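What follows is a set of structures to go through.
The same chain A turns up in both complexes below, where it pairs with chain B and then with chain C.
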Partner chain A sequence: MSREPFPFPWEYSFPPFFTRQTNLTTHHAQLVKWSSLILSYCRHHRLFKLSLSPSSTSSSTTTGPPSSVDNPQPSPGADELFYNRRLDKRLSIADIKETIDFMRKDGRAEYVGGAGGDVVWIYWRTPEEWATMIEEWVDGTGQKGTVLTLYELTEGDGTRGAEFHGLDPELLQKALGVLVKRGKAQIFGQEDSQGVKFF
Partner chain B sequence: MSRKGVGLAAFDRSRITSAQYASHGSSLRTSDAAALETQLAVFRSLLQQFAQTHAKDIRSNPSFRAQFARMCAAIGVDPLAASSTREGGGSIWAQLLGRSVNDFYFELAVKVVEVCGATRGENGGLIEVRKVREAIMKSRMEGAPDVTEDDILRAVGTLKPLGSSYSVIKVGSKPYIRSVPKELNTDQSAVLEAVQVLGYVSVSMLMVNLKWTRPRAQTAVDDLLGEGMLWVDKQCPEWEYWSPGFMLSGSDAVPQG
Partner chain C sequence: MFLKQIDLTTALRPSYLPDEVLLFVQDNVGLYEGKYKLPDQQNGQVYLTSHRICYVDKADPRKQSVALDLKDVERYEFYAGFLKSSAKVTLIPKPSKRSSLQSRSPGLGSTPSRNGTSSPLQRSDTPARTPPVEQPPPSTATWVCTICTFSNPVPSNFDPATANVHTPLPPCLACGIKPTLTHVLKAAISNATSRAPNSLTPNVQTPLPLRPRPVSELSGAVSEPSTPSSTPPPQTADPDASFQCPRCTFLNHPSLMVCEICGAQLISHDVPAELRQTQARTESPGPFLNPAVSSLASSPDSPESVKISFRGGGEKIFYERLKGAMTQRKWLLQGAPPIPKSIRSSDGNSSLGGSDSGATVAQTERVKTAGIAGLEQRGLDRRKNNEIVIGTAFEDLEALMASAKEIVALAESFARQGKSGKTSAQDSALLAESAAQLGLITTKDIVGGADESLYLSELARNLAEFLTDDARGVLKKAGGIMSLVDLWAMFNRARGGVELVSPQDFEKAVRLWEKLKLPVRLRTFKSGVMVVQGRDRTDETTVKALLGWLQDLHSFPPDREVPWDWQRFGRGVTAQDAAERFGWSIGVAEEELEMAEERGVLCREEGIEGLKFWENFIDTGEGKSYKTKEQESAEQMIKALREAGFV
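What follows is the complex of A and B.
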């Protein structure tokens, strides 16, 4: 999937943006800018998860195989996002984690497998928002009462064009979990052949 | 002439004299005021004529508008101030041109406040007028009348009666809008001026170029850092202090002189 390069905002070429600011107000502005950058970056590349530590490949489900080391165009992910090659400035891992914590308070990020992990869900749409989107799609296509496999939902031809097409399977589980809680869906079946019924 | 008064009559006389002085003074004042009033009336009617003839230009042409406002300012008339309320209605602009011009500046003032408020976290409440203009132009609809920096300065002026802390200060040659009640001392202004050259300064740059001692340079940048008016970049051999207004216009923008 070749996409246009992400149009980085001006602050990405502002060298101090990569240093934790000492002034509290400034630091808050910095956190706000970083979190909106992370969200729009992940939305642009449709990254659902971000691996924080440097030099590891991104754990996105939609990107191809990790690019070779001397590839001038880094594959989208934390490596490109937190490291501005042109300026040779990098946001430190501690500062990244602080930003993630800031985003967690807004419900826009969550550590995969509990706090302290290395991989983070980036919720440019929260599971609730995905759930609503799926529910609307089910409503709009008149599929209440029908049974769909999870694979059909995100990879099938029927959802091509819907925004949740290509959704990370784990995130889909979370979203469907929300619908189950709302009493709008029921999940059944085995590990890799799960189905869902909508009410 | 001045015969030394004897007795109680002397007190009366001096009282009479001072009363006469006072009455003469006040008559002089009223005649002066009357003369001034005639002049003002003549001037106002001329201004009115001028404004009516060129009303369309004033409304649509920003540079003409600026010239007109400058002319008013030069002769000591603030066209936006509601100075002529006694005559029953609004400022000269409002009277002569309908509400639109007046509202133009008030609307603009609201936008300026919005931009300043939205960016205060990142720039500590000090923003270049040019940046404000860019931000406002970006948010305007296609085909909306052009806004000049001059218009923005005038719009900031309209905020004054509100007792707000908005004011225009000059750093180097560039006007800035300050939206926090904070005075800059001369060292801080000097640093901000130096920052305009490259977008950043370091302590040793200040020491070399301004012939400051290290503590003096360090104090000045630390103060500005503390105010949130500069950002620090620690990922270089010597810490660099950057102005947040730098490069607001785009990722690939180069500093403009």
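What follows is the complex of A and C.
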């Protein structure tokens, strides 16, 4: 499934966009613009995790694998996102972290494996939203009471076309965890062959 | 009118006349006319200068500020203050031309009643005044020898306006001691000033002038009988005609204004009643018996004493300096020609007597020498001249007063010589003006008052004038804005090395600008840098100018290929660019750009080319509408509640 390159917004070609602004309101606007850019970029490329380190393309793919998403782009990820090749401008790692912190406050990002990590979840859909989506799908397809494997949910033919098709397994776990807490599902099974039952 | 409206400078100080020198400033004073307070002039500053006394009102300076010329002041009195009444200085004006005419015409009858005798002196005086032009006033002037107290006549060819140290003076007729120039000068001047209004009086019917009676002397005068006021004017040839002092009965010389023995004012008798009625303008000092009448009849012609009430102290220094100013009579020196060059060029052998021969000698010498030798000779001559002038001028203070004009001219020329080469053109221009500035600067001892607040406010006004002076254009040259340190250095340099202002005082004074509503203001940037700029130059205008400039850059293609859409974003500017564009210093440009950034108009870009400022395309308004999730949910809840009708 081939995708067009991400249409970057106009501010992406505005040189001061890559410099941390000192004025508080301008800085806030800058953070808002960057976070919406990150979210829409990740949504476009269906990236669930983002590696922040400004390393080479190869290392970024290994540390922060965009999981099973089909990505025809050479390296859709932090390197392309935070580095404007045309302007030769890069958002510094400190500024990226600040933006991520800003997004975390908003519930739109989370460090993988606790704070200070190099890889972050980018929640262009939060686990709650994913959970609601799965629940609606289960409702809509009349599969309440049935048991589904996690693989079936994300990779199976039944979910093809649903938005959570191809969801990162870890993120799926989180989403299902929300459902379990709500008392709408139960997870059982072993490490590699987990199943879920919806109520 | 005794009190005149005056012009104020931009800094709300009186604008000075040429050659006028500021002597003293005191705040918190009020004005009285006669016995009554002037309602609109009760809180202000009084400026004593060599020529005037200026009152600048605090509340409404442009309308209520007045001045009186010292040359119109007949007399001044000091009242030390008692209990609640503040110390006052009373200034009694000379009779104006009109009122002198009226007060004198009736008075002529009263004179003979006083002494009963007529004198040839008086007679000789009388025709002299009837045609006022015939006999010049200096002819009757006398000077009292300081050694033997003999009254000598001032030589008829002695002119106080042109006299200088080299004018030959005859020795005392009694003891043969030569008088000092200043002594004779004073005598001549005091005579000239006391006669000046009289001789100008066009009233031919007044054979004998009589001084109007000031209010303060009324009681003494009224007590005297005025019955023979109807007696005809004396045309007798009695040589002893003189004024009898109303206090001590001493018969004074008719030219004297005050009694020689007791110092009482010599005054005319009261005005006849019939004359008062017939003449519409008889509100001369004579009828001011009733204070109520006097206050009502304060027509512009009637001279009325003016009192300055010192509520904040400083009256003693004011009085002392006023005394000095009245003795010096600087206003008479106005237009006095400098010492003739010929005297100076002589080698001092004939400095007093043979000025003409000295001149010819010098001229012949000059003709002989030519080329470099001639130039050297001329330089030598000039240096010798200066030596003589300075030497005689500083012999004593009195002489310095007499030759003040030349000394100032000399100081100016020295200042002009000293500037050559080492300082920048702008600074040297300021230096050259420093001599002219000398009279206007505020020094600590000019200003009265116990605390230094008055000094500071005067300094603040001084600075504001310095900055806004169009001729100098200090602020304009610096692009309308300059740092405080630069101003401090320039201001002290302009003072020519005397009475320098300490940085502390300077800063305090500058901070007063806002309070004094002066046309300049102090601005502190967030980095702590302090600058001065015009009051009309606000941040808004600066931002507008910056934005206009940046928007212009949208339509002009940049010098080289740029990777961004310059038609949309324009380009970034550095502080250097802004400094060049607006004529600011780089420091000021940085501060202004950061100020604009602080206001959200600009944003920054840090790159290899340094810090650049751009129009703010980052904050385009979305930031404000952006809400966090909690805010959103809270708003939704409120919305729901409102729909449900709970709120």
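Criterion: the second predicted complex is superposed on the first by the 179 of 199 C-alpha atoms of A that agree within 3 Å, B and C clash if a C-alpha of one lies under 4 Å from a C-alpha of the other, contacts with A are read in each partner's own complex, and residues count from 1 in each chain.
Basically, contacts are C-beta pairs under 8 Å (C-beta built on N, C-alpha and C of every residue); 3 or more make two chains touch, one makes a residue touch a chain.
Note that the structure is a prediction, hence the values are computed from the model and not measured.
Colleague: Put the two structures on top of each other at chain A: do chain B and chain C fit, or clash?
Modeller: clash
Colleague: Give one of first, second, both or neither to describe whether A:G117 is in contact with chain B, with chain C, with both, or with none.
Modeller: Neither: A:G117 stays clear of chain B and chain C.
Colleague: Which partner does A:G189 reach: the first (chain B), the second (chain C), both, or neither?
Modeller: Neither chain B nor chain C is touched by A:G189.
Colleague: So, does A:R90 touch the first partner chain B, the second partner chain C, both, or neither?
Modeller: First partner only.
Colleague: Based on the superposed arrangement, let me know which partner A:F14 touches: chain B (first), chain C (second), both, or neither?
Modeller: Once the two structures are laid over each other on A, A:F14 reaches both partners.
Colleague: Using the touch definition from the top, say if A:P5 reaches chain B (first), chain C (second), both or neither.
Modeller: So A:P5 meets neither chain B nor chain C here.
Colleague: A:G156 contacts which: chain B (first), chain C (second), both, neither?
Modeller: After superposition on chain A, A:G156 lies in contact with neither partner.
Colleague: Classify the contacts of A:T22 with the two partner chains as first (chain B alone), second (chain C alone), both, or neither.
Modeller: A:T22: touches chain B and chain C.
Colleague: Once the two structures are superposed, pull the chain A residues common to the chain B and chain C interfaces.
Modeller: Shared contact residues on chain A: 10, 13-19, 21-23, 25-26, 28-30, 32-33, 88-89.
Colleague: Quick one: which bits of chain A touch chain C in the complex? Just the residue numbers, please.
Modeller: 10-11, 13-19, 21-23, 25-26, 28-30, 32-33, 86-89, 105-107
Colleague: Considering the complex alone, what residue numbers of chain B touch chain A?
Modeller: 120-122, 124, 200, 225-228, 231-236, 240-242, 244, 246-253
Colleague: Within the complex, which stretch of chain A touches chain B?
Modeller: It is residues 7-10, 12-19, 21-23, 25-26, 28-30, 32-33, 88-90 of chain A that touch chain B.
Colleague: Report the residues of chain C in contact with chain A in the complex, numbered from low to high.
Modeller: 563-565, 568-569, 572, 597-600, 603-607, 612, 614, 616-620, 622-623, 626, 628-629
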